[in-house]
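Some notes on the structure that comes next.
Naming follows writing order (A, B, C, D, E and F), and every chain is counted from residue 1.
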């Protein structure tokens, strides 16, 4: 009853502890379902719980928030589907999980050891898809994008400072040092001048603005499809992979 | 005897500890009132105590201070009532509580998960309402606004640095790091250049000055109503929601 | 035998520990005076001891120092008496107490909860009164003003950074953080740019220079009265409230 | 059965702990091979394990990643073989070891006590060989070069700050201080001005850009040979010294 | 046998611990001299030991060093005698004590509570007297002045930052904070901008350069007298107050 | 059998612990030599061991490294012999000791208490002698000079910041503070502005460049003698004082 290939694909990147946690959650779930064996359904549900934290059904969104969350997640998913170099969308949801009002789940088919600049640029555009969708639809910015902006900014900084992917060239900036007496804490020692710090900021800004423009342009062109995905989400709260792919195909 | 809906609305955002505290305070109060059951009145009074600290009747304001505090709180309340995107005013008071000479109580009807830029801009204007009312009426600035300025400045910084709501665009600035060995202490690591720091300061200033101008303009237009609210406050020390709404309606 | 109103006025701002300390000192003093009850005289003397530390009669000033101290304290007292928004002078002395060569005692009639910008500007001018009097009389600057300059500079910084009272507007600068592991230590985290730091310095300077000019102008106009107060001080070492007020009145 | 000279050459730079570790690994390996004595083969395999960490066969690269890794390692090896002042390449591999997707093994024939600027410049070009090969072949930059960039940048900084090898002349910049209470932690105290910090950054950039140009130029000229090495690597996963030298010779 | 007035004058500024130490040293000395009572001679010798540390006769200066030390100390003493607002010179010596190659002893006739800017400017010139004498005589600068330069620079910084004695006006710069967990350590928190830091440096420089010019000018005018004092010092190693005053008087 | 004068001269600057260490080493050595008394030879050998660490005969230099080390040490020794104000060279060696590939031993005839700027400038030129010799002979820079550059740069910084020997004048920059909780750690608190920091860097650079030019000029003029010393060193590994002086005399 278990499709191991699907489980393996969806748990790519899991640590040993994550896998132990997963087995445990699936067993609990099977017990709740009065089963003596774990089936695919318990495994898949547990994978999401391990990845995103428990669903928070009590954490109900207002109508206005639901609409914002729907367009936000639809933005991520649509940009992702329109850009090559991205992994397929597996699930979109506006049921609150952990701290987030909604989520879009993409999982790599296999664990990557090497990531290219093109893939990172695609990731940046997808991350800004939620922000752009909200702005486009409501002419408004909300706190819902804060986590995406943090991730995108951190990633852009890494492109410039660690991966030599900006106009600053193949130089590494900033020494990481583990502060042993503080446990796991890692702090960066600034080993460059203010002048270089300002150039790094400019390159980071360029990456973010390019990603924003890319996402905005794609969403503007496919506004009707964005509306459709968002409306489906408001209605059903969750869209699975197959349905999402059908939505995209029917509207291309 | 208990209107649970009202209690729920007024305790939105309460933690478990706050709720336990509330139950305790209400029980003490009921005992003092020689009751064997907690009623609505004990619950409402206890909610305020939990929210604001105990009343400090001994902490008496001078006549001059009372007048300043009254105009200050009237400023907050009036700006709030004149701006859409704000929650209704529930209570205004110039009885000292905790460190404050007075307070204006607004509680959201429901817990928000997503907050919009418009709502934040409204909050900024309300926060500056007290400062503007004092300046308008007495052509004077006092220490009474210090806490409002701190809150408004912190909020404006967050709009720029965390929420991508300023001209600097959808970039996140500053890495927060929890210093584990210091307990709950959270410190920000400046991961940007002096040049960007200066731009952040400019954007923060723009938000504050816009909010000040918005509050000033609204209060200038409704100066008679400001006087009325302030005078009522000086006289009665506390204005409840219904009375405040009537004051607004009668004078529009 | 005890005028409680006078005691209450003079102990405004006292903590519980200060009051316990006061009771103790007064009891010791009464015992020394072979009394079985504490009278007003013991209370008043003890209030000063609690406020300023014990008199240091052994700590004798040279003739030159006495003259400087007298003009310094006369400067504070005279500027205070010439400016509205200040509390009345209660005592001037050039008997060394604690670290200071002399002191001017002003106590608020009541504890203030709200302080206005005008009151702060008056306080700044009074603080610079000693410095200006020395400069005016001896064309000399001494270490006697160091503590006043520190207080004035700290206050001016607060006007700019916490109270929104300068041209920088109603913005709060600098996050205070309690470093829990260091006990009571409070350190400020600079959350603004060098550019703003320089503007803050300019505004602080403006406040101090304005206060200096105000004090200088007032003392220059009343130089004869300054001489009179200083000479009286040199002669008597201490001037009480009534005598000071008479000096002012007789010479206006 | 043991060629001690070869073992000595390949373990140049090993610490006592490394050698103990080596003996241990070789003994385990010999036991696994059902031998009662350690032979050359166990020693050589163990040397690599001590140097690079265990092979991670489970850590399988995708086809695309394999191709990138092959060109990356071929880039290092080819640049190394084309530059004087570098040690001979001993092994190239695209079997993941530790964190790396592949590796190129060069070991000095003897431990060096003095290193010249020419040798360092050669090392910089070799370090950038992987980055340049990827860019040249795929017009793409990947995370695979991050570790090389960090090493190259650190080395370039040392040339400027410790060895007096840049246009800044024979001056040492930055005081190293061992923070005793943090154990082995070494932090640098910046004992120079922002102006010098900016000049150091410029010199570092010059070193890196020169090394990049040198590697790029060499690889562009020998593109066919680069293809050949990469293809052989994709096919065989590992190229030993003799085969590599034959590849170079046959294609010169 | 004891002139208490002289002892009191020379021990001005002594702490209780210093006085206890003094009594002890004098008793030891008297015992060594086979006396049963402490006389003036033991007291005076012990005062110097408490003030300066034990004589280091083993620490013998070379002929060249002796000459440098003699001119250095003669420089201090001569500048001191030529400037009003300074205390009389009590002793000059080129016998090494503690870390210093020589010393010039000046003790205030009475403990000062208030110090004027004029007195500080005189002190700065005296501190630079040694440096200037060496430069004037040998056209050379030596490490012998390092301690004087540190004292002079610290003092000049205080004039600017604590006492309001520079062109920056009556503003206090820098918050001192006691770091409780570090014991007695006091560190200054820079509460001003780079722009002000640069102005402080300029003012400090002005004070030091003025003092240098003042000392240089005085010594240049009295070069013969400088030679005479230095030669006497080389010959006798120590010059007491009376002899020094005679030297000055005979050569004016 | 012991020439105490020679021992005293060569141990100038030794601490008590060093002397204890010396006695110990000499006793061990005498025991190894089967002697019952320590002779001059054991004392001299032990002095070097205490000064420089044990010889590392196993740490053998390659032919190329030997040549570089020989010219490096010859550079130090030759510059030293050509400049007045330096102590005589006692020994040159290219036998590795501690971390260094070679060493040049100069010991002051007597402990200095006062050091002049001329002596420091001579020391700077000697320190740069190794670097210049390598550059002159091989047109190459190596890691062998790193320690010299660090010492020279530290010394140049002290000339500027502690001894008032640069164009910045007799001002002391930087407060040293002992961090008691870190044991012996000494950290400098920067008490000056960026502007002054940049000026300090310029002055440091001037000192280093002047020293480099001085050493270069001297070595260029005496290139044949440099070759001779280096060749002798390569041949004999160690040159003692008398032989060195003969080499210099024979070739002047």
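In the analysis below, a contact is a pair of C-beta atoms (placed from the backbone, for glycine too) under 8 Å apart; a residue touches a chain by one contact, two chains touch by 3 or more.
The chain list, named the UniProt way, goes like this: A, B, C, D, E, F = Cell division protein FtsH.
Note that the structure is predicted; figures quoted are calculated from it, not measured.
Peer 1: If you take the chains that touch subunit A and keep only those that also touch subunit F, what is left?
Peer 2: The shared contacts of subunit A and subunit F, listed by label, come to D.
Peer 1: Which chains, if any, touch subunit C and subunit D both?
Peer 2: Touching subunit C as well as subunit D, we find no chain at all.
Peer 1: How many degrees of rotation bring the Cα atoms of subunit B onto the matching Cα atoms of subunit D, given to the nearest 5?
Peer 2: Best-fit rotation on C-alpha atoms: 120 degrees.
Peer 1: Same residues or different residues: which describes how subunit B and subunit C meet, taking over half shared numbers as same?
Peer 2: The interface of subunit B with subunit C is built from mostly unshared positions.
Peer 1: How many angstrom lie between the centres of subunit A and subunit E, each centre taken as the mean Cα position?
Peer 2: So the centre of subunit A lies 70 Å away from the centre of subunit E.
Peer 1: Where the CA atoms of subunit D average out and where those of subunit F average out, how many Å apart are those spots?
Peer 2: So the centroids are 35 Å from each other.
Peer 1: Roughly how many whole angstrom separate the Cα centroids of subunit D and subunit E?
Peer 2: The computed centroid separation for subunit D versus subunit E comes out at 60 Å.
Peer 1: In subunit B, which residues are in touch with two or more of the other chains?
Peer 2: Expected reply: 181, 194.
Peer 1: Pick one for the touching-chains graph, please: line, ring, star, complete, other.
Peer 2: ring
Peer 1: In which sequence are the chains arranged about the ring, given a start at subunit D and a first step to subunit F?
Peer 2: Loop order (subunit D start, subunit F next): D, F, E, C, B, A.
Peer 1: Given the complex with subunit B, which residues does subunit C contribute to the contact?
Peer 2: Residue positions touching the partner: 110, 112-118, 162-165, 169-173, 175, 177, 179-181, 189, 191-196.
Peer 1: What does subunit D use to touch subunit A in their complex?
Peer 2: The contact residues of subunit D facing subunit A are 59, 61-62, 65, 68-69, 96, 101, 128, 131, 138, 140-146, 149-150, 152-154, 156-157, 181-185, 187-188, 194, 197-198, 200-201, 204-205, 208-209, 212.
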